[in-house]
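Below are structures written as structure tokens.
Same chain, two partners: subunit A is paired with subunit B first, then with subunit C.
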Partner chain A sequence: MAEKKRKKDLNFFERIYVVEIVKGMILTFKNMLRPKVTMEYPEVKFDPPASYRGRPVLVQENNGVERCVACGLCSRVCPALAIEVQAAETELEKERYPQKFEINMLRCIFCGFCEEVCPEEAIVMSKDYELVFTNRDDAIYGKDKLLIPVDKLKDRLEFLRNFK
Partner chain B sequence: MSIWEILIITLIKILVIVAIMFLTVAYLVYFERKVSAWVQNRLGPNRVGYRGLLQPFADVFKLLVKEDIVPDAANKPLHTLAPFIALFVAFATYAVIPFGPSVNIFGYDIKLVVADVNIGILYVLALTSLGVYGITFAGWSSGSKYSLLGGVRSSAQMISYEVSMGFSIAGVLLLAESLRPIDIVNAQYGWMWNIVLQPIGFITFVVSAFAETNRLPFDLPEAEPELVGGYHTEYSSFKFAGFFLAEYANMIIASCMIVTLYLGGWQIPYIDKVGLSETLTVILQVGAFIFKTIFMLFMFLWVRWSIPRFRYDQLMNIGWKVMFPLSLLNIVWVAVLIMIFNL
Partner chain C sequence: MPYLTIDDKQVEFKQGQTIIEAAVTADIDIPHFCWHPKLSISGNCRVCLVEVEKMPKLVIACSTLAAEGMIVHSKSQKTLEARNAVMEFILINHPLDCPICDEAGECKLQDYAYSHGKGESRFEEIKVRKDKRVQLGPFIKFDGDRCISCSRCIRFSDEIAGANQLTFVKRGDRVTITTFPGESFDNPYALNTTDICPVGALTNQDFRFKSRVWEMSSTKSICVGCSRGCNTEIWVRNNEILRLTPRLNEDVNSFWMCDNGRLNTFKFVNANSRVDGNYIKENDELKKVDWLYAISKTADYLKKYKGNEIAFIGSPFATCEDNFTMVKLAKALGVSNIDFAEHNIQGDQDDILIREDKTPNSLGAKLVGVKPAQNGMNLEGILRSIKEGNIKALYVMEDDVASISNEWEEALGKLNLLIVHSSNFNKTAKLANIVFSSSTFAEKNGTFVNFQGRVQRIRPAVSTIEMDRALDRMNMSRWDKFGTQFDRWMQGHKYDAKPGWKIFSLISSQLNFKMRYEMAEDVFADIAKSIEAFSSLDYDVIGEIGSQIEIKKTVAV
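Now for the complex of A and B:
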């Protein structure tokens, strides 16, 4: 930090303000000409980096089946108790699948624990930050809203492989 | 000219000036928001209308539909009167500011000033002094300690700076040998602008003008961090809009005065030597006046967003120990100029 100047240490030009005021005004004038940082939101949207923790989603494989095996770990680890999983059996290789998978978006705190704990990389945080609902029932996202094709989540899956 | 012709011409002038006034005040608010945004690397209002140009009307409309609250402890007549004093003073001053030289329209010789008063400068000084009453009444009648402190500060500040303002103007008057604004502008023919002849006077006048209009570095009467809103803490709706508009109208007045007194008014150096037609010359000169005024207004905004507020003791120190002696020095300087060069 710069040494604090006492009044007696100031030289003549600093004491009559004028020079310093002109310096300050030149600085603000330069700032006026600099590019603006504002992002005009509804028209221009923020594209978050892969490390961004938006709303949690379930990964849907290309054959239309979710990766999730309904182990319930995410539900267990969730500090806000936002996730509810009901398991059921299936003929597929993975044998179990979530019959019902609900995340209460009013409770979710976007901590990403569910993603960290998931053994199948089946639940990941997306880049979606536009969460709007007009009543409490709408805020409970079922499988219909949670399933996202794996192609759209490549960035995040890549990021998890590198850094998780 | 018959009395009726004079009356009609004056009425038209008043209407034009008032219309221009309201528009410029509205757009000054818009301009201020834009400049503040630019200084902070933002965009500023750009949603209402093309590039946000309708924003000031939206602002005013919002203020007008709000509830008008009068505090229980307030002195109601004075509380209501205060914003009207502020507004009246701000708008009445426009009468004597010359926007350009005389023009010839339909055979009438019209001066581009509402009232060509031979004591115009005195009139401006008197009215701006009255402006203190608006703020002081507002502070006192609100029945709130913050408002009271704001009002007290304002009166102390305006009285202090009026002294150096008056003395700076004295320098101009010595040179022009007249109190009539048109004569003062005519005295600054060519490059004989007062800013060139008496730069010290220009600085003291500009600083005093900032203090008189309660603009930042000197906006202690409404210092938000200490006094909530200062003298207009207890005002809302239309009355608040009154103070708000009066502040901006005062800024425009101050800019016009600075231009008239120091920047040569409508003068463009040596434009009559170029040989343009008379009409074009007048248009250019009025344009020059508007341009200079806008430049000064930009200075006001630019300074506001660059410099932090002075402390109260610093304000008084600068007013009495720096600005006052400097303006006296300026008078001596002008007197010496007149003695040596016989101006």
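Now for the complex of A and C:
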């Protein structure tokens, strides 16, 4: 059997290993002294950047009316069929509003297509990543849970205006 | 026959046809808004401009007569540029409210803007605003902003509906559509304008904002409003009918249907009064029972009476299949008192579509033998005999005989046994000893024969408990295809109902007379075998637009 050839011949210093060990330890100690990135999660919470795709929410204008006109495009584009919209007529200037808007958070895959397709900038991805439910019915978020005042979504709306 | 060339394709045409008509026959698509095959030519949208060789300028395909040897280019550079320009002009004052507009998804302007438009507007000025949400008639809302002034609706009401109710007012970019002062757009065919409107300017108040068109499944069916039997499509979402639209059939209804048919013939399918399961009267109260019990009870009851003590009343609302199996069961029981009630409204008829006979299948019922057998009694005779006490048991299928007159209602109270098939609770069903829950026209396969003697198919659009959309090959929307039992949008109510022929064959299995039918098609095969008028027909031959049968004078309406 032929002798196995190393890819690279080691020189003298490498062969005695001492220098290499020291080099390795320097790297280790350097990392010990670096600031920590790990968070103590429930006590310390992660504040995501504006580009983060958390759960989708509906934008509520300052006058308390939703931006959504129930066009149904988010529901059509949703690859996981998570969104169900039922439109109805209103007397307001925008004739149409969502009587029912439900997102099944068990189906949602946080792809952000709904946000991308929305012609009214009415559905956006929020920074909310804490989604807990104990049964299937609780996982279906209705308008009560989805509507978020526009002030709380400024970050994301600005991000969309710049990069969408 | 003369020929012309459209896009390097030889197209045969009849003398007097326009270029667009010739193109349609050859399946060449020339964009158009104002042109409609059944309306006069108006030529005001200009989007059908085509290049014709040796003509100095582009011409509109809808009003230029085709001529021998003409060479037309509908996709040349020059044509496409002109078309883009026309689209840009049309879109100048068109609002960008597709998300709100009900027409989105079936809008010609949307389609053409996508396929021929530039994608952006150079128009920087303020768009002309017109009246929105105008209540033109009892069922129609008009949105002036969206209107592209194609005048289809005006021409329709003049030429087809015969009611000159709409007109253009004002000029230039302020032109808008309105009724004559003080008048309402209320002719019985008004809602057809919502179908032919190429944009969302005219919308159906009844369907407004209920659903997007792509969320529904559509099933080819027949309107049950009168004996015309207009061809329709049933639009269903979440197992609920949301609207009916007419379907092209030149021999029956062309492109149209009446408002009454469109609005009032499907609401009972999802009404609260649906029977939903079978009921048997115990101590003067209808109690819900399962199918097996109801059927064996019915068989037991029927055995107790002699043939001349029973009468069967068929229905012009039911399919040929249902009536045929009923007659078969009646004859097996030795019953000769068979008839059905006609529902005519005298004078409610016109030259367009509406017929006096308000049932879809009275001719079919006659043809499959819903008539007194030898020595049997007709409807009047049955009524008389019930009052005299000679007929003790009555079997009524899918008809509300108690509502015909007070006399009938009183007579039904005298019966020892009243068995009723009904889809909804009505006077008759409430008087019954046994109520079977029968499928509506939207939940079963079957055939109707209209007043012309045209056999037409209905198909299931709404599923009952015993059906499965996929397995029964019903049309499915995207939701139906991918939904699970855990999705709320899949939880539309399914009623517990069966078609009439199935109930009769189940009853026959409890008697000494078995009808072996697996599906409606089997029943129809039997009809074709035993009734001459239907011979050589089957569901494939009838197809989507039906087939005409020869009617002998004796059964003519």
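Keep this in mind: the second predicted complex is superposed on the first by the 156 of 164 C-alpha atoms of A that agree within 3 Å, B and C clash if a C-alpha of one lies under 4 Å from a C-alpha of the other, contacts with A are read in each partner's own complex, and residues count from 1 in each chain.
We adopt the following convention: a contact is a pair of C-beta atoms (placed from the backbone, for glycine too) under 8 Å apart; a residue touches a chain by one contact, two chains touch by 3 or more.
Being a predicted model, the structure only gives us computed values, none of them experimental.
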Open item on the list: Following the superposition defined at the top, how do subunit B and subunit C come out on subunit A, clash or fit?
Closed with: fit
Task: Which of subunit B and subunit C A:Thr134 touches, first, second, both or neither - done: neither
- [ ] Using the superposition on chain A described above, determine whether A:Asn11 touches subunit B (first), subunit C (second), both, or neither.
- [x] neither
Task: Spatial angle subunit C-subunit A-subunit B, Cα centroids [nearest 10 degrees] - done: 140
Task: Touch count on subunit A, higher of subunit B and subunit C - done: C
TODO: Name the contact category of A:Asn31: first (subunit B only), second (subunit C only), both, or neither.
DONE: first
Open item on the list: In the overlaid three-chain picture, which partner chain does A:Ala88 touch, first (subunit B) or second (subunit C), both, or neither?
Closed with: second
Open item on the list: With both complexes overlaid on chain A, does A:Ile21 touch subunit B (first), subunit C (second), both or neither?
Closed with: first
Open item on the list: Considering the aligned complexes, could you tell me the closest Cα pair distance between subunit B and subunit C in angstrom?
Closed with: 38
TODO: Go through subunit A and flag every residue that touches subunit B in one model and subunit C in the other.
DONE: none
TODO: Provide the residue numbers of subunit B that touch subunit A in the complex, in ascending order.
DONE: 35, 38-43, 46, 302-303, 305-307
Task: Residues of subunit C touching subunit A in the complex - done: 98-100, 104, 132-133, 208-212, 214-215, 478-479, 482-483, 486-489
TODO: Write out the stretch or stretches of subunit A touching subunit B in their complex.
DONE: 21, 24-25, 27-29, 31-32, 34-38, 40
- [ ] Note which residues of subunit A are touching subunit C in the complex, please.
- [x] 69-73, 75-76, 81, 84, 87-89, 94-96, 102, 104, 106-107, 119-120, 136, 140
